[in-house]
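Below is one structure; the comments refer to it alone.
Should a chain be cited, it is by its letter among A, B and C, assigned in written order, with residues numbered from 1 in that chain.
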């Protein structure tokens, strides 16, 4: 690319982005990293540079591990643009972004997409009420502001982040009224079938059990294997109801934190036109890449959770491996030993995934609302029943249901409804998600003020 | 800070504060946090009324993905408050329905 | 009541409207449509229900457009009552805005020419001060404009939704996920067979090809000629905004939902329906030059759609003589002409009424004339 301004432009300052920058700099590549947030760290290492000691203590070792990576990134000589909102990545390596009220362009010989993950939507009755938030949102409040729930909170769902948050809350002295665990009993058996992974995972599972007993010791009721979750309230949430061991339970709550795993943030990869496949274990879309993360024959690579959920440590390794591959493309012979070392790290860090995927598989009923009145598209307020009615009219996929009902046309551009719509249509048609497809995602992948285009 | 607030920040470390207004009312909140976080600790429960059904909405994801935290900040409507750092003197207002284009730019004859 | 079967190939705005028109006239109708990610010109339609400046080189088309606009309220009302779907029709009149004196002069001349040739296609040229009374926010870059009292807009996607719901109400068969590869005609039984690429097939006595870009390949199979190529139109759409624009303009309109649609480009890029940052920027700047307050609006979507275009830009409507019962229909303005497609074209192509008067000018055969040359103003 003759007018390229950098060998590598990176989108996202989480573990994958920061590690890729460091590795690319070691190779001597020129690097510019952009992030929408004003501070580095992505979500998992949010505010890592300025978090006070007592907060770091509460958040735990995994968070602390981000400090050295952040420091390495700061010192590696990469250019950094914070508060830069990328709205388009073109196949020739052009990155369009808005910063300082202007739309600008940066061209990379290579581009690395490292947009990370977002929480999976949790479309149950009442989930749009004020006072209902993601567990990840509460963790962001804790990391970014040191804020804790004022009144006793209810946590609901499944997955490591939910339990981690509970643990962090307890350490911080916040009160938890209940943990409504939607992990199915059968999930433990299913997970155990993952052989060696399960053996290693047993340690994590034991950690999880230890946490649960810690919760019980603190007098926090844990309702395992809960189903039929619903949130009640008129203008804000005031209770959560569910079924537990055959009994109906109702717990008053003014703050309910939902979580059922994280999913790749695929806006950018979809917008490049890259093929994605439906991952049956993770129940989400993952871009199809070569082993190093390359999208087709383009100069665009993907690393980290936005390529498929692998966790922070594996994300960093993927970033480094991608950097080596991109360096190779620019004529820098890969250090084979280094690559082998990284590959073995990656294997180690991803060994548990199948086990975790099986164990924390979100229940069908929490992903595909059966109740017709549940809102699926929060922005345009389109319900599950409406989507199914469009399928009856002949809509085969999300782009047609979008055309008929505006579902997916709001400012979030399908981020919070996309997975639900694909699966709802798939279920209604008796088809596989891969056959149903996903929204046609195009630039701008984040809203841009029209005035930002005017010089 | 009201006890009704969903979240609170410990006063132990005596954080620096700023004063902003929300729908005209003064709110004193810790400095260096996002407007969304500031409103939550300041006791705000409903950030906006939705565009289609005019129902109350509040932040869901806190990371710029859900677009529920939209409020008007210093006259600019529908801003993602979880992505904007709070500043002294900010005038924040609930976002009622769709964003509007400011009257001041209309019918100006140059 | 005909006991014949009609197959309409193509479930977009044109096919949908014709199928609906046939179904409401009592015909047994089957509509064949592609899958979720077909090119779908219907999704790229700007949504104008427009009369002004149509048919500058073909008065019959100006008349057809004007008639279609007059029929639209009846279609809107009927679909709303039958299906509950609101096609969003508004016909307050519409504006064309010009950015140079030369442009404005040319516009006036064109509209004058059409009105003289056709009659009943009124228009009014306006200076910026008068424009500003109807469009308070227009910017200083606008030096003049024209107003067409018959112009308006609707929601193309809601129209399509309404037509599909209407088809369902009228008992038509809508079969989706079908890629029609071939049409076979059996002269003995006078039957058509539409054959899909996966081998499925459907027989009927009558056939309408309304497959947009696909018409070029299918039309010759029933003795018709439909040289349709594509033009890519990129369009921007903003977040929903509180109402501020009471009239549609040809490049900027505010929909009933509040979003502002900004369009559009016309690019010859083959089958590439992507969007480009350059055009996005260009469209954004032009929109802000037109209405400076739009600088505060957020762009939330942009799309490129491949819209079918004939060499002269005018529709093709033709009955086959070698395969009686087969027809082809294609046009660029599937929204503007929708009511005419339902109320006039549908019954004609069912054999329930005569072709509209003076319709030979729309035959696809006109492009076979070796002495003629064609250009379009899109």
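Convention: a residue touches a chain if its C-beta (ideal position, glycine included) is under 8 Å from a C-beta of that chain, and two chains touch if they have at least 3 such contacts.
Here the structure is a predicted model, which is why all the values come from computation and not from measurement.
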Distance-to-centre winner among chains (Cα means, whole assembly as reference): A
Winner on C-beta contact pairs when A-B is weighed against B-C: A-B
Centre distance in Å when chain A and chain C are each reduced to the mean of their C-alpha atoms: 41
Whole-Å gap between the CA centroids of chain A and chain B: 24
Computed distance of Cα centres, chain C from chain B, in Å: 43
Of all residues in chain A, the ones touching two or more other chains: 410-411
Of all residues in chain C, the ones touching two or more other chains: 239, 294-298
Where chain B touches two or more other chains at once, by residue number: 51, 78
Residue ranges of chain A in contact with chain B within the complex: 36-38, 43, 52, 54, 118-119, 128-134, 136-138, 140-141, 144-151, 235-236, 254-255, 265, 378-381, 410-412, 415-416
Partner chain B, residues of chain C touching it in the complex: 132, 136-137, 140, 239-242, 244, 258, 292-298
Chain A contact footprint on chain B (complex, rising order): 3, 5-10, 13, 30, 33-34, 37, 40-41, 45-47, 50-53, 55-68, 70, 78, 82-83, 85
Residues of chain A defined as touching chain C within the complex: 88, 90, 94, 96, 103, 105, 273, 390, 393-400, 403-406, 409-411, 413, 436-437, 440, 442-444, 447-451, 453-454
Complex contacts: residues of chain C adjacent to chain A: 11, 33, 35-37, 42-43, 157, 160-161, 164-165, 168, 174-177, 236, 238-239, 257, 274-275, 277, 280-281, 284-285, 287-288, 294-304
